[in-house]
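Naming follows writing order (A, B and C), and every chain is counted from residue 1.
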Amino acid sequence: MGYKRLDEKDLMYIKQVIGDDERILYGENINEEYSHDELSGTQSYPDVVVKAANAEEISKIMSYAYEHTIPVTPRGAGTGLVGSSVAMEHGIMMDTSLMNQILELDEENLTVTVEPGVLLMELSAFVEDHDFFYPPDPGEKSATIGGNISTNAGGMRAVKYGVTRDYVRGLEVVLPNGKIVEFGGKIVKNSSGYAMKDLMVGSEGTLGIITKAVLKLLPLPKKAISLLIPFENLNSAIQTVPEIIKSKAIPTAIEFMQREVIEDAEEYLGKKFPDHQADAYLLLKFDGNSAEEIEADYDKVAKLCLSQGALDVLISDTEERDESIWKARGAFLEAIKGSTTYMDEVDVVVPRNKISEMVEYMHNLHSEVDIRIKSFGHAGDGNLHAYILKDDLTEEQWQERMTLAMEKIYRKANELNGQVSGEHGIGYAKKPYLNESLEEETMNIMRGIKAAFDPKNILNPHKVCQL
Amino acid sequence: MNILVCIKQVPESNKVEVDPKTGVLKRNGAASKMNPYDLYALETAMRLKEELGGEVSVITMGPPQAAQVIREAYAMGADHGTLISDRRFGGADVLATSYTLAQGIKKMGDFDLILCGKQTTDGDTAQVGPEISEWLGIPSVSNVRKITEADGQNITVEMDMPDDIEITRIAYPCLLAVDKDIFQPRLPSYVRKTEKADTEITMLSLDDMDDRDETHYGLNGSPTQVQKIFPPETNHHRELWNEESSILSEKLFQKVKELKFV
Amino acid sequence: MAKLEINQEKITDLSELIKICPFGAMEEKDGKLEINSACKMCRLCVKKGPEGAVTYVEDQKAEEIDKSLWNGIVVYVDHVDGKIHPVTYELIGKAKELAKKISHPVYALFIGSDIKEKSRELLHYGVDQVFLYDDPELSRFKIEPYTAVFEDFIQKQHPSAILVGATTVGRQLAPRVAARMKTGLTADCTILEMNENTDLSQIRPAFGGNIMAHITTPNHRPQMATVRYKVMNAPERMEEEQGEIVECSIEKDKLKTNVEVLDIVLKEKEKFIESADVLVVAGRGVKKEEDLLMLEELADLLGGQLACTRPVAENGWLDAKRQVGLSGRTVRPKLIITCGVSGAIQFVAGMDHSDQIIAINKDEKASIFKVAHYGLVGDLYEVIPQFIEKIKESQGA
């Protein structure tokens, strides 16, 4: 595709639209961090970074870019893991992190309206101050809400509350041609045509740039209690998960963790985990309106776990206790990163009743491929994060074994009727695996949708479904 | 080895505010929990019991609902628990509190080792432990950051001082106040909680004590009096200095000196 | 016996009255109000409730003590092997101020072994008398003999007030002595003022600093308080000596102990940035890895540690364990000096509860200045070396 390379004239136009040189980074002034995201290993500099302040600015620049066929890459906090926010064709990077206002809390409709640059941590603190609850809870709290919507982020409360898509009511979007449109709204029900709002959620900045979002809120649960459940080994831990789900108890989270990852986190945080008796743990969280109500809820699950071979059921009912567990849980990614030289990740999702099969497969894979793999994840929703570690391997060995391990994992997930990504997205890094796992016809429809939105393919090229 | 741990029920959150106009304390919710610092004392007791054998008892003073923290201690592995509760103990300061606890401890029996947390999160005084040891006439060591050796007669500990560590051997019976992070406290166990559900809690009131003189307890036994409570001044102060480097470095030096860091 | 009496007929709205109690000590039983043992006798229900609903009744007047028999303000000299802890001088400064108001003398109580020479130093700070208990048995702090000496001193001198540094030793010794004398002790006072009637007004934080309490010991002597290091101001050291040293002794059999000090070893430097009182933070504004040496020197001079932001850790210049922020560690030091840190929310969330925040950044618009108590718009490469020089000069002098 022949894109026009950004020149002085284009820059002049951008400067005139923005009218504030501080919000434009050009050439050498572009920080290194704008050339990559958190993990994907993809690196490419944009020609210019524009820190947009409102939808009108984005609209003007988009229509100019559309007219002149200049590629545009939207970006939030840059915490992605698959390269969605890396400017593969250079051009303009549209940074929306300055659009960080919480516009309205609508207590009658139970919605909050935000700009895309609001950070997840800011949003949850704000709504919780008002006794409301925004349930999606991905580990990376400094991600922007725009980025969360773009990847349909999931997180640790998905078992009970679902994912970001379930909380997006309406979106304001700048289309690739610069037109500003609204999808959905404050309405609770909507059967009016195609689900455009849902199409935008998870589109990773390939269909339009989100400039405003109306999010659904719930009343804030008053109390949460976690259960840390030690098991003899990983198998007996994981095999209990489907039993918990079958029991119809609804924890907000069911996570699994293994001793070696816990040890990495202890080392990373310099703080001891509160229990060391077991090789594998399940971590469950329950929420409700009082300690008594929650205790009644978890009692059944505690008994079930013990009957399934749990060594004990440990109760975390205070802030300090929660912190000793969840802080370790939150540090897993960084801790694993710190334990090796380089790593790549998989984010597969399988039906919940296949979770134990998938975990065991990954657990045994290291002997087959001779590469270190560490995993943890949201056992309760079937979403697993596995990290393939480079350690002391040569670049050649690494490429070869990592690719092999990835292929095997994705093939297994496919076999179990799973999908390539649960919550991190496809971006640039995972395209081949998506292409392989979906039917040709599905991929074609996706490309057709992309073409309908963006016939000149200027918005975030090379991502998701574009080869 | 007979170990006693002193525990206390404290408000779940420290977020108390004083209404600047009326002077009334505003509490956010009435939820309570075990004083977090006591968890370290309890964990220390459990480790010593695992190593040396024996039993762990807990004692607390408070309203009837403070029995909850004894149940929690049971779920963490304590064997026996005593709750000292009497309206006549109300309004006790450090002296009266430590005296009441010491009276209760005497009723419970003989202990080789008494463990306390560093301090509580509500009173913040760190004084009740040492005062108990005086009433019982046993030695005490505070700021214990590590136990280096323990047997049937003595315990050797590291006491954390501002610049040094004092390594001290104490003969039983004695009282130790342990620091935060001496061990990572274990979580309460559901299994243990269920097993101990029927274990009783010993209740003690003023009428059970050897000394039944009411003037030694509660408000009457308290030399200190709270005259008033008020909100602290908050540090909302912000200054921006935009000057020559030489002036900046001088102002910085003066500020750091004023704050007593040099 | 003082107690609260409830007059049920004067209660207009039961639930409103129950709400007044901050300790949840009032409850309804069979339509009547009861006070349970959570009561702290704060008497807010008396003051704020309906007139006469709850009254405070004192059956017998407590015996009044003769305060004129208690004279002088004494400072306990905190030390290790004769090396006097600076909190001692700060307390002497405060004691002088308090004593002046009521024309009392200022004493220092020095307990140890082979400390006679060292005690002369105290005479440069304006105490009237230094009471010296110098005995080989007292060579190191042991709770029982030190309490016995303290008791001996109090019984002989009858001081009106006792100030003790809230150090490791002070926080054990003061309560032990208070219990022995059956008197009041107020911990960690931040403000001390003397009343005309020799009652000491003691103000201290409680509930983790969320409220302040004003406390007195109206009917007991001595009145005792502990104060933390760096709260009060030390007086200037005078050239000449002033006051006298009074040598005291105590019967040997009172120095018996069940505590044996095996060793005193120097503490290794704090390993974790979470436990440091002072942090110097290197941010993106630090250009080269070797420039960290300058910041490390500063951290050393301030007795603190070097920490960093995510980019510095990602460059591999410092260990990830030194990284402050959401994906790193949460810190709450007494002083944090950020150097070339822009103040990304990711970082700020890990340090914004620090007591004093000083930020140095070239960019006046850097968001770190929104959280800094003192913001310096300037080049760290100019400000820091000059700052280091000034500290060195002051320490050399």
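The rule we apply is simple: a residue touches a chain if its C-beta (ideal position, glycine included) is under 8 Å from a C-beta of that chain, and two chains touch if they have at least 3 such contacts.
Only a predicted model underlies this, so the values are computations on that prediction, with no experimental measurement involved.
Interface comparison, B-C against A-B: more C-beta pairs in contact at B-C. Taking each chain's centre as the mean of its C-alpha atoms, the one that lies farthest from the centre of chain C is A. For the pair chain A and chain B, the distance between C-alpha centroids works out to 43 Å. Spacing of chain B relative to chain C, judged by their CA centroids, is 17 angstrom.
Among the residues of chain A, none is found touching two or more other chains. Multi-chain contact residues of chain C, defined as those touching 2 or more other chains: none present. The touching residues of chain A, counted against chain C in their complex, run 22, 33, 119, 121-122, 141-142, 268-270, 331, 334, 338.
Of all the residues in chain C, the ones that touch chain A in their complex are 271-272, 274, 311, 320-321, 326-329, 344-346, 349, 365. Residues of chain A that touch chain B in their complex: 227-228, 271-275, 291, 302, 306, 312-321, 324.
On the chain C side of its complex with chain B, the touching residues are 1-2, 20, 22, 24-25, 35-42, 44, 48, 62, 80, 85, 140-144, 147, 167-169, 171-172, 174-176, 178-180, 182-188, 201, 205-220, 229-230, 257-267, 278, 301-303, 334-335, 355-356, 358, 360, 364, 369, 372-379, 382-384, 386-387, 390-391, 394-395. Of all residues in chain B, only 12, 31, 33-34, 36, 39, 75, 183-191, 193 touch chain A in the complex they form.
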